[in-house]
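Chain lettering (A, B, C, D and E) follows the sequence in which the chains are written, and residue indices restart at 1 in each chain.
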Amino acid sequence: MSSKSDAKQEREIKIVGFLCNWCSYGGADTAGVCRFRQPTDLRIIRIPCTGRIDPLMIVKSLIQGADGVLVSGCHPNDCHYAVGNFYARRRMEVLKRFLPYMGFQSDRFRYTWVSASEGQIWQQVVTDFSETIHRLGPNPGLHQTVDSAPAVSWF
Amino acid sequence: MDDKTNALREHVKGIFSNLELVLGWEPGYDPLHTRPFYVRTESDIDRLTANCLSFQNLTRYLAKSMNAVDPAADGRKIGVCVKGCDSRSLVALIQEKFVSRDRVYVIGLPCRGTLDARRIRALVPDPARIRSVNAEGDELVVETDRGISRFALDRAIARKCLQCRYPNPVIHDVLIGDPVTPRLKIDAENPSVAAVEALSLEDRLLFWENQLDRCIRCFACRNACPLCVCQNHCIMETRMPKWITQYRNMNEKFMFHMIHALHLAGRCTECGECERVCPVGIPVALIKEKINAIIYEMLDYESGIDPEAVPPLLTFSPKETGI
Amino acid sequence: MQRPHVLQIQKTCDQEFIKRVERESGQQVSKCYQCGNCGASCGYTFDFDFPVNQIMRLVQLGQKETVLGSRSIWLCANCQACTTRCPCNIEVARVMEALRIMSVAEGVVSKKNILLFYDEFLELVRRYGRVFETGLVARYNIKALKPFTDADLGPQVLMKGKLALKPHKIKGLKAIEEIFKRFESHRGK
Amino acid sequence: MRIGVFICQCGTNIAGTVDTRAVAKKAMEFPDVVFAVDYMYTCSEPGQKEIQDAISSHRLQGVVVAACSPRMHEPTFRRAVKKAGINPYMFEQANIREHCSWIGTDREANTRKAIDMVRMSVEKLRRNQALFSTQVAVNKRVLVIGGGVAGIQAALDCSDGGLEVVMVEREPSIGGKMAKLDKTFPTIDCSSCILGPKMVDVAQKENIRLYAYSEVEAISGYIGNFKVDIRKKATYVDWNACTGCGECTQKCPSKKAFDHFNEGLGATTAINIPFPQAIPKKARIDSDYCRYLTGGKCRVCEKICPVKAIRFDMKDEIVTEEVGAIIVASGYDLFDARVYGEYGGGRYPDVISAMQYERILSASGPYGGHIRRPSDGREPKEIVFISCVGSRDISVDRPYCSGICCMYIAKQAIMTRDHIPDSNCYVSYMDIRAPGKGYDEFIRRAQEEYGVKYIRGRVGRIYPRGDRLVVQGADTLLGVQVEIEADLVVLATGVECSAGARPLAEKLRISYDQHGFYMESHPKLRPVETNTAGVFLAGVCQGPKDIPASVGQGSAAASKVQALFSRDTIETDPQVAHVNENMCIGCGKCEQVCPFGAIRMKTLRDGSRKSEVLETVCQGCGLCNATCPNKAIQLRHSTDDQILAEINTLFD
Amino acid sequence: MLKRVAYYPGCSCEGMAIEYDQSVRALCYVLGIELVGIPDWNCCGSTPSHSYDPLLGAALAGRNLAIARSQGLDVVMTPCPSCLKALKTANQVFRERPSEFLDVLGMPFSGDVRAISVLQLLYEEIGPNLIQKAVKFPFKNKKIVPYYGCLLTRPPAFAQFDDPENPVSMDRLIEAAGAAVPDFPHKTECCGAALGITQRDVVMRLTGRILDMARAVGADALAVACPLCQQNLDLRQDQVNRALKENFNLPVLYITQIIGCALGIDRKTLGIEKLAVKTDALFQSA
């Protein structure tokens, strides 16, 4: 996955964050109010609930070139809508395990639970995830043409 | 004429007066094909055929047939012939309330595997000369202009059949033929998935890109899938919301197959129809097989087994941890 | 160690020292809010020049000289009462241990006889692989110039056959020597 | 669409680390943007005017403000654009303060990030739709959960305002913790003398319906129209008949029942009235101790009862109430000091909790108001109070200050010196927290007038020596260990969330912090509201506080309810799900997952099934949207196209 | 139940605490636990090694664990709490600073050999119930107070055994041996540990406090599970009497000796006569 990445080496890392309005978006606000220093890679999309997350949004982000995707919601049992995050965690866990099968680095996707009061934890989550993504480097994206590919045989 | 087809015809003859119609197969345009067939009259029954060429998953037509039938028509059932894999699709459709169990008469046909036309062509140098193919036990007997040759059945059947865990219908009102021993145990690892996973992460990406690069987005896979219930209202064809564009590039091709696969997460019954109908030979089902494996491992759930079960991504358990 | 008359904080506060104590003990000393529970629980407070909580306070203020030169850190018997009861989850005894190690490294040990005892102990381990009390007490008494420490106990234990008069040398002495050597070169780094 | 973009400098809060001018300049390049500017304080009156002026002069159809968190000012700006004639949902806010300027100092990176954030907002706005609220009727009844002083105050205020009140109390009597107190600080007035009349008021007000010994079982609905299932626990006594005469309690042969009201000091009868001033004053049978209910023989009370009110076959009963708002005043528990092994772990009878001591001090308490040791009934002379037991202690997961212990210890020490003039009182403390009106003066009085000895240092250990207890502590001011031989040790146990706090919060769909205290909507500006509309907080369930603060919050919650009920209807949030019937395939998956029952299936004339959203029931979570395979159901204002546009614009 | 453990006696058990070693071996034999010696074991480094760096002690102790592992054993039992701490620290240091630790140790180390005390073995693996059933000569009408010392249960996260403030394991075992166990508030107060030689006055005071409390609660004897505690309380009792002008006369027995006696093991085998304070009164029926 390196053929075309040279030109993009310099570009800024961008991480897409899907944050539920009630807990994690508030947690990110709290972290800001407390001036907890965080990396600037994250671009937050505010959604009402992690239950609003279709795993395909994460796939879409990765295919479009997001270097990382971070989903964060209320802790299980604390969902503002009671159960949204219970659905979400199943769906996201399936995706998380599925991504590497298709050749995606599953470390580029993370989901976590942060409450509105957990500013410090939010700082840790963002810092840690951002470090992970910087270690992985920019997402080279899909190859638009394939010259040679490994064969797999099942017969 | 083989025994199975005979038994099927005999059975249908016996009960046809109670049925609206029967979904089955009839011989196709060449010795390597059968095609779906609606038995509407008594006289149609003798066209019914059931053998190693009965690939089509007829449950695909069921939801439509149910709608088409005049609801006023005296409550007679619709008969449908199912192989093991087809029966799971039927269960999934019942789960999702697209088919009412009371309205169908399920004719179960234990199956040793259906043939993969591509593989036979690879076996027989000049397939145009094939007069007939027939499975006899573990052997495939191919009759050509030049004589008869025999091959191991395993060399000719579809990939999904080689790793079949449900050769016998999981629901049925009648079973035609003796039950077959499954090739794989229920909790056995899926060998084709394992073969992909043996590749490095980078190679896996290249492998899929190479496969999906051929995709022409003809939607054959979608159309053949019994569980692609949206059909004409498919997200792939709408512009509101615009999940996918008409650009012909890798991103869109990849996205297309990710959508297809994730929409079937926890629902796909591995009938393999998507893969069989693909004109460019993409192993489409292989994508979904992995998701099934994940869900089996994570939630101990298999689609299309229990008509009462709720598909796992449409429910939750507050207690599950480690997720 | 003398209690400082006026704490000239800017002059004597050693920030590096605070960091080193935190690194070597694995404890965050700023968590201490001076409740005094360690001092209240410690069996040795009466003999300390600074109660444990004051040791923690001095570390918080970076008072390296006062801390490393104190009696308290050497009188600590590592009984873990402070660690067990600390409401801030600080492993106080590990802080004390780190301070002892640093005071040895800096050569400012106040209770030299305790260190001497420890050194003699280790010397025996190095020489024989095991420790035998007769040798240990004898060597300590000679070097500490306190020839009669516990001499009153001698006859009693001898009579009961509890004291080995000569050491038991283990076979793997070479391995022990190597551990010591590798440790020393590691410490040298 | 004609879009205007306003970049707030927020003084230097944003402008300090973001080049707002550059962001505005860049924004002009975005599609549909016809106007962009940065401004000192966009949320200020002149700032809002600037937006409104631009709307008219540039004929704007949509507005993006890049400023603080939308959780802070989205309502402000929506109101502002609405005034200028734009639909309030044609507005988007980019959070370039909390999520950008405040979390990094790299001005260039921050500016790039801010530009991205504005671009995302513009792309989202381009796909916004004008949305309109509908009106729903408000049921002007209020549920008060908890009958402690906060709940009582809230209920009485609502009742005075003419509202119908439903009060649910878990215990057999209302009154809460305050009813157990002997005196209150800093005035040393009698607790039951000031609370008693309020309790009686609750019983007598015609518009208050009290469910004592009951718990909230389930809650459904939404602001203005909640439906509450209440479990009336079996008391085995028909309270409609019971007159509270107390005959049964005299004759009950089972006299070893745990006395909850007296904190387990002494015992009570299996059938009992918790205390003389109880409201409602009704008898209840403790089924754990009743001889008939446990052993099948006795029925003495049944024979004795003059009004034949005993019902041994009584079962729990569920009743349903409909209300328009809920005040949660579910109170707290006191820390269980038994986890402190060093203080005896509950093994020493003369090491007691402060609430037990409060009962000992009380004239209606187990010893008739005479101070005695539980072990031998002797009058103690040397009494030690230990503060911060289960407060400010990370090792027991209670890092917070309970806020009331310093004060009640001083009160108890003063009371002790009053009762037993030749006694000595010692208070082991870490810091004294007395920030209320007259509070610090009260602490000073304890020391100066009453001679209470304050010793600064936490106690390490308590152990018995003879029939006394040795308290081994420290005086950190002197730097010495301290030993006190005490007759009685009182542990100032801290405040913790009540055992049922978390499950109740889940029923209410409100959130709580890591210690189980309920989260208010904003720590400063919305201290009574929760994030669930129509649910308000009062008292310690929200965080430790004393009586005046609890009463104050009770009144505040009541006034919030009154304000809500001052209108006959409320506007619904139009950010709800909506079905595109042309696309809907009637699979019913949305109906299956909806947590609120807000979706139902209908059959069209052509026989096809379609789903339908009940807009007043829908809470706007979007789970249906995520579940729908072909996205025929869309959450308004957070549609797939809007989210996809935000993603896509980042990687163009 | 563990049937076979590696046995690490520690240096004191070859000298001053030889009766502890004797009684442990005798008791384990009777209870059917096979003690497998660690060939050529070495000193764990004890407290002194920690004056330089826990790494040295960890490596010294670690060698013993590594040898035990090479013998195919995964549990090491030691009677001495100080050795126990050293062995456990080896595992801890291995987890926290693996590369430095392995550098100094210089041999393969797996970190999966568990160290337990003899008390833990008796209490958790055999249990008071079983012992009670085996008792032949119960200590009738005798009061024995348990003295646990510092290290057996502290700090709790490290020790992972019993309660740090009010441990009860030895209480239950003594009760099983038929003696009464009065509440003893000083169960875990420090006795002065290794400061006996260097700071005798401190030890006199601390030991005196413990003996005083034992006498106050009416004890006929003390039970201990640590060579150093035993030495301070028993051997130095005479010194205490002189220093504090007291006349304590309290036998101090190892818990293994107490159980051994109750099980009917010969007193000589248990090394009772090696104790400093005379025990005769304890064995006379009241």
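Throughout what follows, a contact is a pair of C-beta atoms (placed from the backbone, for glycine too) under 8 Å apart; a residue touches a chain by one contact, two chains touch by 3 or more.
Fair warning: this is a prediction, and the values are worked out from it, not measured in the lab.
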What chains do chain D and chain E have as common neighbours? C
State the chain with the largest centre-to-centre distance from chain C, centres being mean CA positions. B
Comparing C-E with B-D, the busier interface by C-beta pairs is C-E
Greatest Cα-centroid separation from chain D: which chain? B
Calculate how many whole Å lie between the centre of chain C and the centre of chain E, each centre taken as the average of the chain's C-alpha atoms. 22
Whole-Å gap between the CA centroids of chain A and chain D: 33
Euclidean distance of C-alpha centroids - chain A vs chain C, Å: 50
Separation of chain C from chain D, taking each centre as the mean of its C-alpha atoms, in whole Å: 50
Touching two or more other chains - residue numbers and ranges from chain B: 243
Where in chain D do residues touch two or more other chains at once? 342, 461, 593, 627, 640, 644
Please output the residue numbers of chain C that touch at least 2 other chains, ranges allowed. 46, 81
So which chains end up touching which? A-B, A-D, B-D, C-D, C-E, D-E
Report the residues of chain C in contact with chain D in the complex, numbered from low to high. 31, 33-42, 45-46, 50-51, 53-54, 81, 85-89
What residues on chain A touch chain B, complex-wise? 1, 55-56, 59-60, 63-64, 76-77, 83, 86-87, 89-91, 93-95, 97-98, 100-105, 141-146, 148-150, 152-155
Would you pull the chain D residues touching chain E in the complex into a rising list? 340-342, 345, 347, 461, 463-466, 470
Which part of chain C faces chain E closely enough to touch in the complex? 26, 43-44, 46-47, 75, 77-81, 83-84, 91, 93, 97, 100-101, 104, 111, 113-115, 117-119, 121-122, 124-125, 129-134, 137, 140, 149-150, 152-153, 156-157, 160-164, 168, 170-172, 175-176, 178-180, 182-183, 186-187
Touching residues (chain side chain D, partner chain A) in the complex: 69-72, 95, 97-100, 102-106, 109-110, 112-113, 116-117, 120, 502, 505-506, 509, 511-514, 519, 531-532, 575, 593, 595-596, 619-623, 625-627, 635, 638, 640, 643-644, 646-648, 650-651
